[in-house]
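The same chain A turns up in both complexes below, where it pairs with chain B and then with chain C.
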Partner chain A sequence: MRRYWRCLCWALALSLGGTAAQAQQRVVIVSSVGSAAYATMAKSMVEVLASRGVVSSDIVQLGASQMAARLQSALSLQPLIFVAIGSEATQLLSSARLSVPVLSTLIPRRNFERILQSAGRVPGSQLNALYLDQPLRRQLALIHVALPQAKRVGVLLGPDSAFELPRLRSLAAAKGLTLRDAEIASSDALFAGLHRVLEDSDVLLAVADPLVLNTLTIQNILLTSFRGRIPMVAFSQAYVRAGAALALYSDPAQVGRQAAVYVLEVLRGNALPDHAIEPDDFEVEVNQHVARSLGLSLDAQALRLTLRRLENLP
Partner chain B sequence: MNRPVLLISTKYRRSLLPLLAVSGSLLAAGAAAQTSNVISERDYLADMPVVLSVSRLSQPLDETPGAVTVLDHDFIARTGARDVADLLRWVPGFQVSTSFESVAPLVSYHGAFDSYSNRMELLIDGRSVYSPYFIGSIGTGLQTVALQDIERIEVLRGSNSAAYGARAMLGVINIVTRHTADTLGAQGSLAVGENGVRDVQARFGWGNQGGTFRIDADRRGDDGLHGANGKNQVDRVNLRADLIPRAGDELQLGLGGYSISSGRGFAGNIDNLLRPMGFDSGYAKIDYKHSLTVDEDISLRFSHSQESYQDQFPYALTNVNPAYGVNDIYIINAGGQASSDVLTVQHGLRRSETQRLVWGGEFRSERVKSIGLYNTDSSFVTNFTRLFGNLEWRPAQHWLLNAGGLFEHSSVTGDTLAPRAMVNWHLGSGQTLRFGVSKAFRPPSTFEESANVHFVFAKPSGYSGNFDITNVKSSGQLQPETMVAKEIGYLGEFPKWRMSLDVRLFDEQMKGFIRQQNSVLPKDYANTDDVSIRGGEYTLKWQPWSGARVMFNQSYTTIDTLSYYPTATVGTPWAAPKVASSLVYSQKLPADLELTLMQADSGTATLAGSGYKSRVAMTRTDVRLAKAVRWGASKGEVALVLQNLGQPYQDYFPAFTFERRAFVTLMLQD
Partner chain C sequence: MRAFVDIRARLLLAALLPLLVVSTVLVSVLLLARLDDMQQSYDQRNRSVASQVALASEYGLFSVNQSQLQAIAQGGLRQADVRWVAIVDGGGQMLASAGDPGNGLLHPMNPLATQGFDVKRRLDWFTQPVFAGSLEIDDLFEKNTLIEPKPRRQLGQVVLVFSRHAVDRRAHEMLLAGGLISLLGLIFGMALAIYLSRGVMRPIQRITQLTERIGRGDFEAVSQMRQHELTREPLQALQSDIYRMADRLSVAREDLEQQVHLATQALLEKKNEAENANRAKSHFLAAASHDLRQPTHALGLFVSRLAQLPHDAQTGALIDNLEASVRAMQHLLDGLLDISRLDAQAVQVNKRPFPLSVLLHQLTQDLAQVAQEKGLRLRIRQTDYWVMSDDTLLYRILLNLVDNALNYTERGGVLVAVRPVYGTGLVRLQVWDSGIGIAPEHQTAVFAEFYQVANPGRDRTKGLGLGLNIVQRKAALLGHPLQLASHLGRGTRFTLTLPTVAADLDAPALPALETTSSQELFDVLALVIEDDLLVRSALCGLLQGWGLRVIEARGLSEALEKVADGTMPDVIISDYRLHDEHDGIAVIGRLRSELGSSIAACLVSGDTDASVMRSARAAGLTLLHKPVRPAKLRSLLRNLLQVQSGSSLVDLS
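Take a look at the complex of A and B:
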């Protein structure tokens, strides 16, 4: 009887002690807050891990503030890998000197590099990211496949995206496309830059930059490009809903599935890759109404399959 | 522990992003770097307002419920036209007069039946601009905007009362002005040449994200047709503002006016003496569009417009009776004012992938006042209440049905219902067939319904009392004219050959044509003939080689009348030429030159201002040579335009001729 009660007490102590008391956590997921996307990504990653034998008791999920509290207190965690979802979580984990690999996800490349720089870290197999932004070559491939008659690609770059220009130029040239670019230094310069670019373009490629593309500017940009019969190719579903003809993006579930693969590698004893990780799965979305109005005939599924075939992906 | 809450600048409308600062200068430095201009996953995950919602998406040409000709900004510049009316000669089926005799140059489609073109609807940015004073004529409205302000002109050839209102019997001309965001900066132009051509125009646009503005003022002047009365001058100013009060909303404000000063009449015609004439018009409008979701939006429009017409002429009473002395003059005053107020509410809804519905209501109040025309100082008020709707339905993959109707209640002439159905069948590879039938009405205008023109003057000296001659008195028994139009259309796009072909075959049956009965005084208006307009027209567009653009139009029209009155002298069957063709060929040349050759040929037709007795054929050749220029930071164009290289042709009246004119234009903009 006593043994029974002792087991029960021990079990109770374990459960009351919370996850922090477990010695078996292997994966800690630290999630930023403020968007349902973080939870969607975490959920899909956990599902893949579960299907490969990583039980839920092996995984700890925390919000960034809870993690911050953990780091302050003595209740530290010793998993085999940390996964940061979003820039808030990445910021937190990159500043804390952790001895375990950290995989940052759902974060654009530029943001990741900036966070690391200010934390005095370098990316590598101890701290790497699965970028949210699609590789430029894939975006230009989409333009080439979906809009074969478009030879001039217009692009508006702001202070935070200007660094992409050289890469854009060389990739466009390789595909036989001419790049028409404008660098916007301040929001007052947006109109003039937009007109300059649209005057000479067949398609407008949206490059993420909060100065150039935000809820205020999107109206002017979409209305002006639509008046000029110029389709926009953007980087999220929200833009397609707003009126962009096409978007190329990875949805959080896809990101979660890809992240799970790297987590499993680390759990097996291997290291994270030491080079940048680009998203290997993506969606293509088409706004059929806008496409029809512009006289374009686009099939989202067919475009996606063509892009995957071009990259030798299954 | 520090917990600063970082408020992202409200300028970018982000939600509050609480950022926790764990102690440590490293993280504080990190926090300082997180400004609003920095990329993060928010840019990829955030929601965006719906911009291109259901009513903002124009129908592609192969889905329009009718044959549409689009004249774009570039085409307008290439033709060297100085009036919007001049541009419409390049649309098949149109008759154009450049005379200011009926106050402003006139355009008609499928027949210039009389001196006021009132069987077409004219819209400028959605605002109907026919003249309530001039029995619904669109001539004056065509003068509202400067050509440099026009983005494109969409001409729907065919009846479309269902969407555009009662006067769209024969067609709709929709002028879309340039968005203010596309006309930022300064721009000006000049034209100088023969026949007293003196035009000057200046425009300035300014603004930023939240709102853009434009003001455009111009004067267009020339000596008019040879044999016509005097100089024609139009002064205009237009202001437009496009504001974005909130994401997903658009607010457009407009204010402007124009003043036409010209002359009417001609020497030797005692009923229509030479005299000056003036017409002023002003408007104010407000247009609000709101996107509810990607599939639903609403819009609200209000406009007020006013017009005033000045026309008086001295009539020598010796023509009435030789007993009068030479100094007995009676001033005939045909002037007056009119105004209208319109309120429109419209709802656009995409009910499913296969159905789109646009419907709404409009209230329009028109007031006309003229002592000379109505023998009273009070205004004639006509109120219209309208309900309209159009459903676009795709029952199967290559089929589109546009079904709509307009119900109108007029306080003067009662109720009418104008339905329309058009089927578009996409045959594949850029080819579409259209079949449609529609019914349209033209309600009698205030003058046709209530005219009361008296000439009251004292009897010659030696007699007592007055003569009271009633010149025109409407019995007010008129029914609206009705039109049933059937059409078959074809649109073929052949990108491989860089060609497109648009064909329209039509059968338009008009009943109850309202005509002034001139054989007996007082003149009355009555529903007279039934008019049948049948034929076909086509437009071929082609880009044969690099830098070349060709547009070729032809129209074949047969007008028959079944008249209930003796018809010996009715000119109706000749209101449109049996065959008319036009060609516009533009070629880009080296050294930034562009040459445009234009040719218009029209078979025998009555002139707009005279009837059966004057039927003439017309041919006209125009040439324009333009060169792009730079002056400092500005760019522009200088051009030489030669209009009517051949023989002078008669226009409006047999006595008026369009001589050859040459002028030079200069345009500069930053």
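Take a look at the complex of A and C:
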């Protein structure tokens, strides 16, 4: 009897294994090119997956162009989930009619929405994204924690970020902060808007918008805010290096870990969430020089811990 | 001196021209390069200032901070050479400006940096666009955007105006410096060239002067120049060579002079010898002819006397032979006499117009018989021409020529003719013969003394060979060119060219040269003064044979004795040289004064001395030379007697 039972188990295991062996490409990671962050993210995701039992042979990593070639040549891949890293990969995968769920990562929200619009798709469990953008409440929380004396928060919005305004207003009110906002339609009005915002704010909250914040404008905005002795809270490490006082961002590794969780869920047979996924882990960066010149003493780690505690996270 | 200027000029030119060219080229090239560099660095500096201002204005333009921009503009103005700064926004509106608006200018917005130059105001303007500086940030948000990268946005532009004043000034300074340096270099070069050239010029000058003086023959120049000799001078070798050459030239010249002197002396000696020999010859001739004269004279007279005496045919023939011999001898002696007189330059030329016909007539008379005897034809063509010449000499020439012609012709004849030379007023008196002719090689030699073409044995019946020599000399004396043309075996032609004159019918007619009548001399009393016995007796006998009465005297004293009794001779014939040392002229003169009348007189002499003839002429006396031809004497006597009765006097000697 026991022998019989053992044989059965073996057969089952084999078949399972066979099944498992058959389902080789379980995860396909398509990553865009252009930044080392993508690779970092992919690496950390793979690590996590590996630690959870997904063997490396189950994971296929492709570049966007390779993927495009595959799609064209109709060499079909039938994984359980596609992970797109970056806008390029996301656009590729979204325009290809795939029957498999696609998780888009390291993509700004606005970009993702635009891609979906152009592809004519709607976000859902088949196609979802782990946004790059930090939740606004977290950003405001940071402001509250880092700069408790700052009561007025200035934001400069452009056409891509204008939709955030209502939420910002409500969140700020909830936190007891006054929002000073300006919206600009063209780059010529940038300084005017900025000036208007800055003259009535204690802190400038940077909101990602290509019209407002780009390589051509960042320097001047930083300068202006610095001259106004108004610290800028930015959304990327690069901004802090450029001269912003504070930044709240997600490390690619953190994003990779988070994405791995969703991938595992899908591998277990669950679906992706159908709502936008915000990053749950983050980093805080402080530009000590700028902070000192502005008369602030900030400790990045302490701020992070505080924020995590506020979010009831370790 | 012009030569020196040329050489010096050349030297200087050779030194200066390359210097000039090189220095000019160098200075100009370097200056141009430096000016170019300066301009470039100025431009670069200006551009960098504009860039700086543009950079500085970026934020001000972004933030439209006019005060900041104004500050920046002012700062820009403080830069070197900046005259005006303007900062213009994207719309072309000037946000800030600094500097004198008079220097300002505005240009349309242009994304490209531009510059320009206002020549009139000497201002450079630069515009620099101001772009929003891009800050590359490695931001995922940025990377994720699918919008095309934005073009650089021009925030505005800055305009700067610079003044060229400083640059121009520096350029002028550099030009001046360059010019000054090259000028100094040139001057230095010229000075050096002049100094060096002088060092070369001086020896050249000296040498040129030296050679000039040597060329003129001034050899002392050499010794003078030696004093200037210096060592270590340029052209030292040349100078010493020239001195050596000059020395040698001088020595050579002295040698030459010495040789010339010696040669001249030798020649002088030879000349003296020759002259002496000539004089000796003349002396000899004179002496010989004189010594021979007396006996020949006497001989002739005696023979004539003999002929007067009755004789038979045989004696007559003998007398004829004697006469012929005597004539020959007298002829020879005449020749010698002529020569010696020509040598003594005692022949006097008496040119006057006379008709040739007279001479030709006489010629016929004299030589017709000779021609006849030889069986030759003697044709003498008469002519109406009158010539300007000495008739006596001319006659002698003619006589000689025709005589020669007859001598040297065996058959045929002799022709004497006169032809005019058209257009010249001259006539050619020609003597043609059909004789043996004269070979071309002898045609010059025949005129030489004692030269006879075909007389190797010196046959004296053929003459002495003096005839043509005498003819030539007489023709030369008269100034009538004499030409000879001859063909061996065919004949000879002598031509004498005479000047014609118009016939002068008023001229005194020439007296007849000779007649045969002796009537006029009959019963004439002649006084003969001769110291030689033979000659005296011969002469007296002859005169008596002609019918004259003769008074003899040996000398002056005897003559005076003989006429003391009042006898008046009609004519006096006196020997010139009388042994009591009175000469014939004095005797005649004395006699004439004693007798109180200018009696016709003549002299007979063996002397060919020119002084004798001159004295005779001076005294107005005719002089006959021994040996005297009786016929001549007779003619003379007739003439003298005619003159006494008023006819002209002719010297027939």
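Following the convention adopted for this analysis, the second predicted complex is superposed on the first by the 291 of 314 C-alpha atoms of A that agree within 3 Å, B and C clash if a C-alpha of one lies under 4 Å from a C-alpha of the other, contacts with A are read in each partner's own complex, and residues count from 1 in each chain.
Here is the rule we use: contacts are C-beta pairs under 8 Å (C-beta built on N, C-alpha and C of every residue); 3 or more make two chains touch, one makes a residue touch a chain.
Since we're looking at a predicted model, the values are computed, not measured.
Asks: Does the chain A-based superposition show chain B and chain C clashing or fitting?
Replies: On the superposed model, which is not a single observed complex, chain B and chain C clash.
Asks: Between chain C and chain B, which one touches more residues of chain A when both complexes sit on the common chain A?
Replies: Of chain B and chain C, more residues of chain A lie in contact with B.
Asks: Kindly classify A:S293 by the partners it touches after superposition: chain B alone (first), chain C alone (second), both, or neither?
Replies: So A:S293 only meets chain B here.
Asks: Touching A:S236, do we find chain B (first), chain C (second), both, or neither?
Replies: Both: A:S236 reaches chain B and chain C.
Asks: According to the stated criteria, A:Q219 is in contact with first (chain B), second (chain C), both, or neither; which is it?
Replies: both
Asks: What is the contact status of A:P210 with respect to chain B (first) and chain C (second): first, second, both, or neither?
Replies: A:P210 contacts both chain B and chain C.
Asks: Using the superposition on chain A described above, determine whether A:G120 touches chain B (first), chain C (second), both, or neither.
Replies: first
Asks: Should A:I107 be classified as contacting the first partner (chain B), the second (chain C), both, or neither?
Replies: Both chain B and chain C are touched by A:I107.
Asks: In the overlaid three-chain picture, which partner chain does A:Q301 touch, first (chain B) or second (chain C), both, or neither?
Replies: So A:Q301 meets neither chain B nor chain C here.
Asks: Pick the chain B stretch that clashes with chain C in the superposition, from 22-30, 40-48, 76-84 or 166-174.
Replies: 40-48
Asks: Do chain B and chain C touch any of the same residues on chain A, and if so, which?
Replies: After superposing on chain A, chain A residues 34-35, 37, 86-87, 91, 106-108, 111, 114-115, 132, 187-188, 190-191, 195, 208, 210, 213-220, 223-224, 235-236, 238-239, 241-242 contact both chain B and chain C.
Asks: Would you mind writing out the residues of chain A in touch with chain C in their complex?
Replies: 34-35, 37, 86-87, 91, 106-108, 111, 114-115, 132, 187-188, 190-191, 195, 208, 210, 213-220, 223-224, 235-236, 238-239, 241-242
Asks: In the complex of these two chains, what residues of chain B are touching chain A?
Replies: Those residues of chain B that touch chain A are 1, 11-13, 15, 17, 19-20, 22-24, 26-27, 29-30, 33-34, 36-52, 54, 56-60, 63, 151, 179, 181-182, 184, 207-210, 212, 244, 247-248, 250, 294, 350, 353.
Asks: Would you mind writing out the residues of chain A in touch with chain B in their complex?
Replies: Residues of chain A touching chain B: 32, 34-35, 37, 64-65, 68, 71-72, 86-88, 91-92, 95-96, 106-108, 110-111, 114-115, 118-120, 132-133, 158-161, 187-188, 190-192, 195, 208-211, 213-220, 222-224, 226-227, 235-236, 238-239, 241-243, 249, 287-290, 292-295.
Asks: Which residues of chain C touch chain A once you look at their complex with the stated criterion?
Replies: By the definition above, chain C touches chain A via 58-59, 62-64, 90, 132-147, 150, 152-153.
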